[in-house]
């Protein structure tokens, strides 16, 4: 139905796409997979009319088209959920959902119809928030839901989902898949991008693999398995991320007692030992990120204490937190994690400036070398440390954020969705880095909505629901069923 | 790639500066005269004293429109003190302290009060000058000691004014801080993305407060110099300077979006604007006609690189 | 928590009540009409400025644009005294729109920072007035009666000037709330990259905003010159800051995307009441600027407090 | 002509004189320029007429610096601030430039001589006289719309006006408002005055911007003929109001003559003449400078419907 052939696209000196070919079929879901920076989002932007290809051809229903802008794409029946959050904070949820075609009466926007339509869409996705709320009040996950509702709100013939589930927990993801199946049933062609193979296998009919901006293979999904796909993506086999690990020591490094903040979370207590990974699992809106914010001094708590090495500490600001050896990799890398308009070197060095320049005076070559070391050890795909972070692919941006904190050599690393949007290879690398980190006697608090990740990596799992702790599960007791039950009603 | 952009901007300014010297020395015989050039420096020194710290504020993503108001306030404070017989040293201290206090008020509004800086300083702009008017009314304060008057009118080696020396020293300080220290790195980070900077453990609000305080204090310093040069204080002193100073900073290549800009650029822009204005008035071109040139220059300096960029991209197939 | 507009409305009413208490004459209908009349140009310009600020811009050149178009209108009237006032208005409007479009094009096509562009054009426009007029004044005896009388024509107790402001406010309200372009303006200002992804060109929206703002400034140029019956280089010098202050007091966010017509109207009336009440109550002129400063600062603090309100979902679950 | 001890070659040398206005684009100074140009030709004077964009002291200092750099022989300035320009003018004097002020004075330390268009006292008396003539029966309340509260000559004239009013016991000064030399503010202040004092007999403005705005406000409120406006203004700007009876009469000195006299005096001083003796000026008579170096021209001239047309085209 939609066919892109031999697409080429470069930015400055970077060849994002060399020779990309992609075919979507009506009534089928095609999964597009590839490493970070393989060019997946770039081709999505080309389909959406946001970029013009340097060369190549796009055919829709057999006819060659040139997609001039987003509006044009829309009018061709192409509907897209972009990887980056593209929500209007200042507009209501309803208007966000209907932004492409606001219902009109007598040439005037009809707010009543708009609200109705938004309500219907949100109900389909099992979302309960008020369509009149300004979208700025939503959490990042909810914003993604809004974005998905927007894409579904149209008689789309081609639906493109660029890592839609990265920010969602399985519940919302299931809703999305249900609707996607419904749409394919109605003859819609779907392009689905994800780094999670279980989703790919459960949803897709076909697959297509990109490597370094070129299509390397495509076919029916039931003819392949994970290992084959991984080999195609990476060009080599990847060992599954290590799960065997040394037992954590008995000494507590971080202890949290009865942390509460009005309207966000209530009576949260947990402890993390040296050499331990504590997973925090919950549905979207469970308040996990808020707890992390409070721990890192980004917000104040109403009651409760934080102890490090058994000593109560006051953490009133991130500066305090960093001084006490904490580090926080936030969930929204675009606005909170990375500084997109600065170089990789500037980003990586920022938290470590004190160590890099004890006498206040900075040296550029020292910073570059420092950054290069971390670029290498996390294998960030980039021409060099002077590259702007904004020009990196999503996954590589995430690696930069990780690098900047690991470089600071913290004792307690709090990570919020650390592998959101990261490909298998990189994910294994990140996991390895985290294991290595705890092996030195440090501790990790990992917030994740990805159940396999939580189960695989954590020594213990804290489950939260609606701002409250629902229990801490030891490794042995942490079965998927038990955790999901604790995270949902029941 | 970044270095190239940096160079392009500086070279634009350098070109403008050289062009000014060539054109003016061709058009008027009085231009290339040591005494004249020495006089010409006065047309930018006091503004440059403020432009330098203000550049840091703008690079960190804020703006301060109240600087001229601070000059009026500090000048009035000094005038009142002088009327009480405070000696020169005390007057300078009072000027600096008043500026510092005003800067801290701005900083507090922006950090503690969380008011966007442009809004806060539009308010304090009227507030500070308003206090000056309220205190002074139609009076004039001019009982300054002779040694005080000497500050703004004195010279080193007969030709280099104290004011110019102060500008050079300040530029060195600002340049080193911005380009060679970790504080400078943090300033760029804050200007590029304050949220991410805060999440990286940078004490964002402390930096912003300090920068506003520094700008306030330098405005106080400018008030000392200007008051000393005028030898009198009226509440209308330095009226309208805020926009001129901001224009100077922007012309220096500092991005009003924050995160971009260099001190050499700002310094060159200050000199270029000062010489430009002085040169045109040497040619007896009315100031208002001059404003056409200045406006066009301002736009051209940002537009030429932008057009170049477009052509470069457009040229590639 | 009261909405921002409501609080500003209450503040304006309180201020009004205070002035009336001190000076009962202030509340007389003809005086109120006078206040509206006096605020009309501010309202018009603030509405235009609001569009620009909504799209993340700022227009420092409005006052200079006003002065230039006013001078053009006055000179046109001097040369063609029989041309009729409406054609003069049309000329002022077209000139203003063209000047605004210059700003808009520079911002749109070259992506130059609005503050730089309009700072530059502000100087250029002022210089152009001087060049155009040769620095001389155009006085009331050089203006035709039709030119002067159009703004003074009264209908239902209000002058044309006041009616223009009222109608413009209504039109702005409808456009911004119910027209696609109006909504696109909010979208483009709220999140330009999201707007691009949704098929809205933020640059084009900026261009539209600047052009409309310019057109309004042009009409205001005529209104100003006709009202005060004199045109010279420096009219409305520094007025741009007052216009921006009115927008800010009215709750228009400088970061773009947020602001309502009601808010801007209240902001203007708030300033208008202060401006008209201070001389009436007999406060020393030396205190006026100080009072203005206090008011703007306090208003800014108030609106900042509002913005930091936290979201909250736990209410249902508090045991 | 009191050439005194000067020799002929010196007196006929070409001199360059810079005349500094408060600001350019102001009808009053355009007229001064006209007069100065008339005088310059026959006197072998190269005239540089200049001024800042806005009426500020800082702007004038930059203009003075530019004149110093051009090594003019004399500078004549109408100061925006009597004190702030002094250091710059003193520097000019150090470099051998003769400095005088005209219209709005510079503090004594900064100049050799000051040429007042008219003495403050004469202005105060003339305006008080006008008010007395216009007030019904010479009695009633009057109000003044001034320029900025900091303007020196405005304040001096106001003080003299108050002084002169003692000679007119029927008149009572009810209020002074400040229009900042800006039309919209002057207009608003006038309107406020009209509301505060509905029983005003005469409205006075001593600034040329203020009187136009005041006349406009009075006419807009339908008070033409009921509340006369008077004060100081320019014939070209007020002609319309005079004809409609809003401003029945007003006074001003002749700025053309002022420019003419300023240039003559500056040229004489540049050529070494002293001001200890009265300096006679062609077509205007002679000016005597007092011990402070201040010389005044004459009484302001009164304009009304009979002579306004004659002057409206001139300045």
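Note that the chains take the letters A, B, C and D in the order they are written out, and that residue 1 is the start of every chain.
We adopt the following convention: contacts are C-beta pairs under 8 Å (C-beta built on N, C-alpha and C of every residue); 3 or more make two chains touch, one makes a residue touch a chain.
Worth saying up front: this structure is predicted, and the values here are computed from it rather than measured.
Participant: Which chains, if any, touch chain A and chain D both?
Facilitator: Neighbours common to chain A and chain D are B, C.
Participant: Would you mind checking which chain's C-alpha centre is most distant from the centre of chain C?
Facilitator: A
Participant: What are the two chains with the top count of C-beta contact pairs?
Facilitator: Answer by contact count: the chains B-C.
Participant: List the centre-to-centre spacing of chain C and chain D in whole Å, with centres computed as mean CA coordinates.
Facilitator: Centre-to-centre distance between chain C and chain D: 36 Å.
Participant: So, what's the distance in Å between the C-alpha centres of chain C and chain A?
Facilitator: 43
Participant: List the centre-to-centre spacing of chain B and chain C in whole Å, with centres computed as mean CA coordinates.
Facilitator: Averaging C-alpha atoms per chain gives centres 29 Å apart.
Participant: Counting only residues that touch at least two other chains, what does the list for chain C look like?
Facilitator: Where chain C meets two or more other chains at a single residue, that happens at 126, 130, 135, 233, 253, 286.
Participant: Return the residues of chain A touching two or more other chains; collapse runs of consecutive numbers into ranges.
Facilitator: Correct list: empty.
Participant: When you check chain D against every other chain, which residues touch at least two of them?
Facilitator: Within chain D, residues 24-25, 53-54, 149 contact more than one other chain.
Participant: Following the definition at the start, I'd like every touching pair of chains, please.
Facilitator: A-B, A-C, B-C, B-D, C-D
Participant: In the complex of these two chains, what residues of chain A are touching chain B?
Facilitator: 12, 54, 296, 298, 317-319, 321-322, 328, 330, 335-343, 346, 349-351, 353-354, 356-357, 360-362, 386, 404, 408
Participant: Quick one: which bits of chain D touch chain B in the complex? Just the residue numbers, please.
Facilitator: Chain D reaches chain B through residues 24-25, 48, 50-54, 56-59, 61-63, 65-66, 68-71, 81, 83-84, 86-87, 91, 95, 148-150, 155.
Participant: Taking the touch rule as given, give the residues of chain C at its contact with chain A in the complex, in rising order.
Facilitator: Counting only chain C, the residues touching chain A are 174, 177-180, 183, 186-187, 189-191, 193-201, 253, 256-258, 310-315, 317-318.
Participant: Taking the complex as given, what residues does chain B use to touch chain C?
Facilitator: 109, 113-116, 118-120, 122-131, 133-134, 136-138, 235, 240, 243, 246-247, 250, 255-257, 286, 288-299, 302-303, 306-307, 310
Participant: If we count contacts the way the header does, which residues on chain B are in touch with chain A in the complex?
Facilitator: 1-2, 180-186, 188-189, 192-193, 195-203, 259, 317
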